[in-house]
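One chain, chain A, links the two complexes that follow: it is found with chain B in the first and with chain C in the second.
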Partner chain A sequence: MTGAIVERKKEEVSSPQHGEHVRNKRVFVPHSDIYETKDSIFVLADMPGVNEQSIDITLEKNVLTIQGFTTPQEVEGLKMVYCECPAGNYRRVFLLSEEVDRDSIEGTVKNGVLKLVLPKSPKAMARKITVKSE
Partner chain B sequence: MDFKLLPSKWLNKKGGLEIRREDSGEHRAEYQEEHPIYSLQMEMNKLFDDFFRVSEMPAFSRSLALSPFGALQHGAVTPRIDVHETEKELRISAELPGLSEEDIDVSLSRDLLTISGEKKQESEQNVRGWYCMERSFGSFTRSIALPCEVDQDSCKASFKNGVLTVSLSKSPQAQANSRSIPIKRE
Partner chain C sequence: MFFQELASPFDSIARLNRLFNSVQDGREAEFPPINIWASEKNIVVVAEVPGIDPADIDLQICNQIVTLKTKRELDVPQEGQTFHRRERSQGQWSRSLELPYAVDADKVGASFTNGILKIEFARAAVDLPKKIAVHAS
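Moving on, here comes the complex of A and B:
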């Protein structure tokens, strides 16, 4: 039995760190992957129901905030029978280190997944140091 | 007192099996005093009951009767669903972030709707290190037993921003079967 596979539930933001929520909706923490290549850091976040217009990314000093707003489906005249995915927005805050080049951060959304590319600044790039013989 | 490997509530005072009586509150209280482990036992039973319980909506429940281990078989990529209905239509939406419409397969056989697909891991070449891995990948299948008969030819599905929506129209018989019951005032 694959006991190790645990289904991750949608987590709600536990406590608003920067003040109270003013929208009458739940806020979820999108599940994210973060990985690094030679010259960039990639962040992938699952945000089903979000498109490029309804996503908001802000960078304030070291704090990168991603917010996604979902538009409720047209449910006029429809009756909810069963619900596993309650409506809500997404929000997650990341703290960036000095090695990220702040001016060239790029974000794309495809099929409900946000992909952020955070290029490393030239200063932070790993470089080889050649050893000379004397 | 010797404890046997039997739930304490099955045993009577002499240690023999007894048939549980739901109605007598006194009876229960008696046991609670006698066995200090009784409350723990009750907690454990509740835990097991909750674990194996089929959801209140058996029609859409994740632990379908079709799979012997029901809830245990669902991996991490199994999509979450919402079900809406009108008198004529049944609309099922599923959250599938990171898939495209080519990766998803929707099929309908009588009253069983099956959504299957594969979510592939999309990462660049030459990954040096992972800092956070919360998203999951792999193939999934989820079968949903529909609560009523549907018109087999009218199944429509659309995919937008990681959300799959399947619309099914109810068959005329199923529509006729539902009626509201007037409530009289006495």
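Moving on, here comes the complex of A and C:
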């Protein structure tokens, strides 16, 4: 129960070599967790303000792009006096390995967190080889 | 209008560091990050709390001090997982804010959508500035 735990601040997408964004809006990198179990890879990304309609996930070859669009949190008649979480969209690109079964990737959004389940393709799953004695 | 952050005395050095370091490196921040909108009569505090169950949000107001306590547990299977990236933090947090004027504790509205908590305060009627008419005698 302390404020000493440090949370990283929103990080902006910096990609001068890939050009500038057309939309005049800031773009942030969502903080993500990636973990792997025996049969799937899970990606969890924090994208507060994003719902299932404002999320865009594309997979082209092995490039997985996650985009989330937010609506500005303007409050009518009031002036912004303090800002720690500036408004903006989210974007992050991951490179997938060959072992993901592309057709059965599933994504869900709950409380502003995107959860992607990338099942491993059967041929890439680890197999135990039994050794028999002769 | 001035919002004062409340923290333990041990935090003051960290806050001072943050104040000076924020220009070069603004990576450290308290959780949850907040935005504040205000006018003479209303205050709206918006906090980004992704992945937090609304039932785990404990919001209290005492005099002019608002305390927000939350906890986040990560949605991870118990066994057999290998982590490749861990950027999302878990744990319990508490954050307090001092509001610039007294608010009506019965008229606080709090809503939660898509990981964003919005708290609306209205200035207490007794605290509203009153115009005093001056009569010529």
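Just so we're on the same page, the second predicted complex is superposed on the first by the 122 of 134 C-alpha atoms of A that agree within 3 Å, B and C clash if a C-alpha of one lies under 4 Å from a C-alpha of the other, contacts with A are read in each partner's own complex, and residues count from 1 in each chain.
Here is the rule we use: contacts are C-beta pairs under 8 Å (C-beta built on N, C-alpha and C of every residue); 3 or more make two chains touch, one makes a residue touch a chain.
Just so you know, these numbers come straight off a predicted model, no measurement behind them.
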Clash or fit, chain B versus chain C on superposed chain A: clash
Partner chain(s) touched by A:123 [first = chain B, second = chain C, both, neither]: neither
Chain B versus chain C as contact partner of A:84, first or second or both or neither: both
Partner chain(s) touched by A:61 [first = chain B, second = chain C, both, neither]: neither
Chain B versus chain C as contact partner of A:47, first or second or both or neither: both
Partner chain(s) touched by A:132 [first = chain B, second = chain C, both, neither]: neither
Touching both chain C and chain B, counted on chain A across the two superposed complexes: 1-2, 5-8, 10, 31-38, 44, 46-51, 73, 75, 77-85, 109, 111-113
Interfacial residue positions of chain A with respect to chain C in the complex: 1-11, 31-38, 44, 46-51, 73, 75, 77-85, 109-113, 115
Interfacial residue positions of chain C with respect to chain A in the complex: 1, 3, 7, 11, 14, 26-39, 42-44, 46-54, 69, 74-77, 80-89, 91-95, 113-116, 118
In the complex, chain A residues that touch chain B: 1-2, 5-8, 10, 31-38, 40, 42, 44, 46-51, 73, 75, 77-85, 109, 111-113
Contacting residues of chain B [partner chain A, same complex]: 57, 59-60, 69, 72, 74-76, 78, 80-86, 89, 91, 93, 95-100, 122-136, 147, 159, 161-163, 165
